[in-house]
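All chains are identified by letter, namely A, B, C, D and E, in their written order; residue positions are counted from 1 within each chain.
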Amino acid sequence: MGAGKTYRMGRIFGEDGRALILPVDHGLTLGRIEGLEDPVARVDGLLDLPCDALLMAPGLTRLTADRFARRAAPARLLTLDTFFRLPGETAAGAGLAGSVEQAARLGVDCLKLFMAWNVPSRERAGTLSRIAEVVRRAEEFDLPVMLEPIAVGEQRTPEAIAVEGDGARAALEVGADVIKVAYPGPELMAAWAAELRLPLVILGGPRTGDAEGVITLAEEAVEHGARGIVIGRNVWQRPPDVTRALMQRLHAIVHP
Amino acid sequence: MGAGKTYRMGRIFGEDGRALILPVDHGLTLGRIEGLEDPVARVDGLLDLPCDALLMAPGLTRLTADRFARRAAPARLLTLDTFFRLPGETAAGAGLAGSVEQAARLGVDCLKLFMAWNVPSRERAGTLSRIAEVVRRAEEFDLPVMLEPIAVGEQRTPEAIAVEGDGARAALEVGADVIKVAYPGPELMAAWAAELRLPLVILGGPRTGDAEGVITLAEEAVEHGARGIVIGRNVWQRPPDVTRALMQRLHAIVHP
Amino acid sequence: MGAGKTYRMGRIFGEDGRALILPVDHGLTLGRIEGLEDPVARVDGLLDLPCDALLMAPGLTRLTADRFARRAAPARLLTLDTFFRLPGETAAGAGLAGSVEQAARLGVDCLKLFMAWNVPSRERAGTLSRIAEVVRRAEEFDLPVMLEPIAVGEQRTPEAIAVEGDGARAALEVGADVIKVAYPGPELMAAWAAELRLPLVILGGPRTGDAEGVITLAEEAVEHGARGIVIGRNVWQRPPDVTRALMQRLHAIVHP
Amino acid sequence: MGAGKTYRMGRIFGEDGRALILPVDHGLTLGRIEGLEDPVARVDGLLDLPCDALLMAPGLTRLTADRFARRAAPARLLTLDTFFRLPGETAAGAGLAGSVEQAARLGVDCLKLFMAWNVPSRERAGTLSRIAEVVRRAEEFDLPVMLEPIAVGEQRTPEAIAVEGDGARAALEVGADVIKVAYPGPELMAAWAAELRLPLVILGGPRTGDAEGVITLAEEAVEHGARGIVIGRNVWQRPPDVTRALMQRLHAIVHP
Amino acid sequence: MGAGKTYRMGRIFGEDGRALILPVDHGLTLGRIEGLEDPVARVDGLLDLPCDALLMAPGLTRLTADRFARRAAPARLLTLDTFFRLPGETAAGAGLAGSVEQAARLGVDCLKLFMAWNVPSRERAGTLSRIAEVVRRAEEFDLPVMLEPIAVGEQRTPEAIAVEGDGARAALEVGADVIKVAYPGPELMAAWAAELRLPLVILGGPRTGDAEGVITLAEEAVEHGARGIVIGRNVWQRPPDVTRALMQRLHAIVHP
């Protein structure tokens, strides 16, 4: 690993190699969703909670640059692409919404790209080509890349999870430095963590169930090898005191 | 914000951070419309009215360069793209009709791009990728970018306005410096203005109703947080004395 | 206008700002048409007739370079693109068939591009983007650009002429220095000439009617503001003595 | 014509301006066809026959470079593109399979590109754009370009021949230095040769009829203005002694 | 052949011009397949077996770089593209998943690209254009290119094998340095090896039959001209002792 990646990965994953990452990048693709209507205020409200890094799209990264302009601030990861698919559409829309140069100028520590993997073959190949080009450019700046292979909109069946496992492998091969996955259950979590030999971080997805479910998910995932948690809506789409308590408990799980 | 953007945004929004902007860029997409048959004469007729900036496409900007070649002239914003959709068409046509280099050569103060947002997912993603590339190039010249998310051709239902709210959020995230929206009503106007933390300016659209409606729209919008007004056809598709009176009243609303 | 454009426009439009331009560029799109089977011979036959400029595609421009290698020779305009649409086709084919660099090397005085304007929205947007890119490159060489908006294959109804009027406005906005139109009748000719403030030149199209019709067309067009005539087939698809007489009379009309 | 083209055209067409060219480039598009199963052996077998140049694709050009690494060796032309159309397909496949830079590195004397001309308008325009880009690049190296307009798979009706005549004219206009055509009969051969003012060379196509037919074709074509013969399968898909005899007779026809 | 290719080909094919190559690149396209769930462990387990080179995708190449960071380590070939086709899909997905620059940085000795050849004409032409561009870039680094023409998913009929023979010829012409084929039987193996004059290496494909079948295949192929064996799943999707025994026997066949 080059010096630039070593430095940036260290800023995200710290001395214990673990990271609690807060995603607030939803506006680019989902628009003005509940709990993130005012994204700057949301960031401000989260900044005094224990957290290693935030995941943001370019605009919010720019608007909040001053909040992070100090040495102990959390790291920042930059969402660089979109994925749109309306109900009933056969063809999804995906593409870059930012550039590697922009990321380098903004000073972020990592790029994040999406890999919808339950899609037609042509879209799969297009996604990998687009990512490969970003990886090539990111290498010039020694910027780490986080990839997120997902079976979009599917039930969590073993088949859907296997599709994501295949996507995680493709993510490794195309050049991921970190892979963001939906928690696949304890056995596969342990297996993937061992096999991929890259930091795996767990996503939260839409708010579901109660707050305890989030804790259980995080505990199980970390216990079985996850190196980090990237949970947003399931944290900040709850009352402020629940959000605060959740962050503190998640931090304790990630950094025991 | 870089020195170039600070300078240019100041030229548009002035000391009070507000702007009355006159759009006369319709020819690129709509052709030879009523009231703008002779665009240079129209610009000449508008120049002695109180106005902070004009929005023009590249050709008219070139033809009228000498009118603005003095220090107290209004600023100029450059429309850089097209959006065509004929009745009955399922696929719209959109794309750049100018370049960032052209804008830099012309000396304009801002770029303006369109975001049709009630479109298939593939067109959405394509629009964001096209804009992201312009944003990347504009950063090299430190040129501000105004984005305009619209639910094209729809009734002003809450659903359509929500689509535009989602588009405004995506506009922020892809790198807008200014966002041009259709007035969403007082509550959402106030909310968006607070949340997006960028100057929001209000468009007028096709001429509708009487001149008083325009004044009411502007008053309401500014009262609830709009930082500017970009009204063209509803101003200059009226008799000259009405146009003059409207401009004077709008100027008083924007700069009270 | 830059020094390069000033020089080249002067070579085409002369001291009175008028031009009689002979098009012999048909081979690129129409193939081996009547009267232009031997394009070099045709050029040779035309060169002793009064004429300000020839419009040619790249190949013929190259083959006849020596004919123009003297100071008093006519100027040359370069056709840079194609438009194909076979009977029954729903999708037309259009694209560049030459480059701005090629034009600069050949030493021509102007580029000419086609704007089929009665086409689906996606083709319209694609045409403008393609032209915008040529305009951007042409600016680097200070080469003038002539655009030709046409309602291809339509009857000359008021609706078709209005489509071309819209196209002429879009041509101005995307960066035309000269606009080539089908004669729209006296009122619109005068209106467009006044409004667009660029030299408008009139095309001839397929040979129709008798030679007197061409003269009438030219007289009417020039009388109402046309700055030039670009008539080919209606001139050289006639017997040599008629061609000669037509050219002399057209020259007298353009340069009275 | 630049010094580079003058030099290379002279290497192909010699002092009498005529050329007997042997095509052995079929593998790129047709695969392992009869008589060319072992292309290097085929080239070796042909090299002691009288011949001015060989037409090869990049791979064979590379494999046989040493055979041509002497001053009196035949010239080499490089096939740079493909055209595939399977029975029943509505859309053909065409594209570059090599680059101008590759040609320059290989040291060949000419590029050869295909123009399927009885195709939908969109493919026609795409073909011309692709060729125009190659022409632009080839100009940087002063490399001649041979274009080959064909009504693929059609009977030799007057209509099909007229399509190829239109294609030949488009070939001239887009920048051909040499045009390769199917023999159109004596009248059109003479007409095209006079009109296009570029060297026309005649292709052979699939083996048909007896060897005498090839001789008759060549004699007729040369008599009526062809500047060269590019016949492969009709020469080397015959017994070795017939091939040898044919080459000698063709050479005598081309260089009487 | 340039000095760089000479050096790298020598690292792969050794002094006797033969190579036993182990493919472990399946994750990029096939995901987490049996026997390659933990690709790094698999590589570690294979490294003490006799083997001239490994074929890997970019991610695994990066993860295992330290294993090869010694002078006597096997060479490495880099898989650079993908091919996806789900059951029932009419359009396949193919594209680059890495770059030539990446390969140069990683220090691999060869690039490997796929040529699905039983596909619609448009995909064929697209594949060749994509490969031609890689070949052009690879020439700048003097990196060898291995191409793999396959009739994907077809029975091994004479027709399918002939399609692959056509693909092998196209592979040669577009610039292959090595061609990877499915064993076509003894006669064609001998013929292709003689005709193509490039090293042909034989692939194994999905595990089929017993281990003895692999030995028979390798013996026959090498006996009839194959210069190498690229068998993965048929080797490492078996019990460890069988894998070890197979590798030793294959090595003895390739380097007798």
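The working rule: a contact is a pair of C-beta atoms (placed from the backbone, for glycine too) under 8 Å apart; a residue touches a chain by one contact, two chains touch by 3 or more.
What you see is a predicted model; the values in this text were computed from it and never measured.
Engineer: Which neighbours do chain B and chain D have in common?
Structural biologist: C
Engineer: What whole-Å value do you get for the distance between chain B and chain C if each is reduced to the mean of its CA atoms?
Structural biologist: Centre-to-centre distance between chain B and chain C: 35 Å.
Engineer: State, to the nearest whole Å, the distance from the C-alpha centre of chain A to the C-alpha centre of chain D.
Structural biologist: Centre separation, chain A to chain D: 56 Å.
Engineer: Quick one: what's the order of chains around the ring if we set off from chain D and go to chain E first?
Structural biologist: D, E, A, B, C
Engineer: Please name which positions on chain D make contact with chain C in the complex.
Structural biologist: It is residues 120-126, 128-129, 131-133, 135-136, 139, 162-163, 165-176, 191, 194-195, 197-198 of chain D that touch chain C.
Engineer: Can you check the complex and tell me which residues of chain B touch chain C?
Structural biologist: Checking each residue of chain B against chain C gives 25, 27-32, 37-41, 57-60, 62-63, 82-86, 89, 91-99, 101-102, 105.
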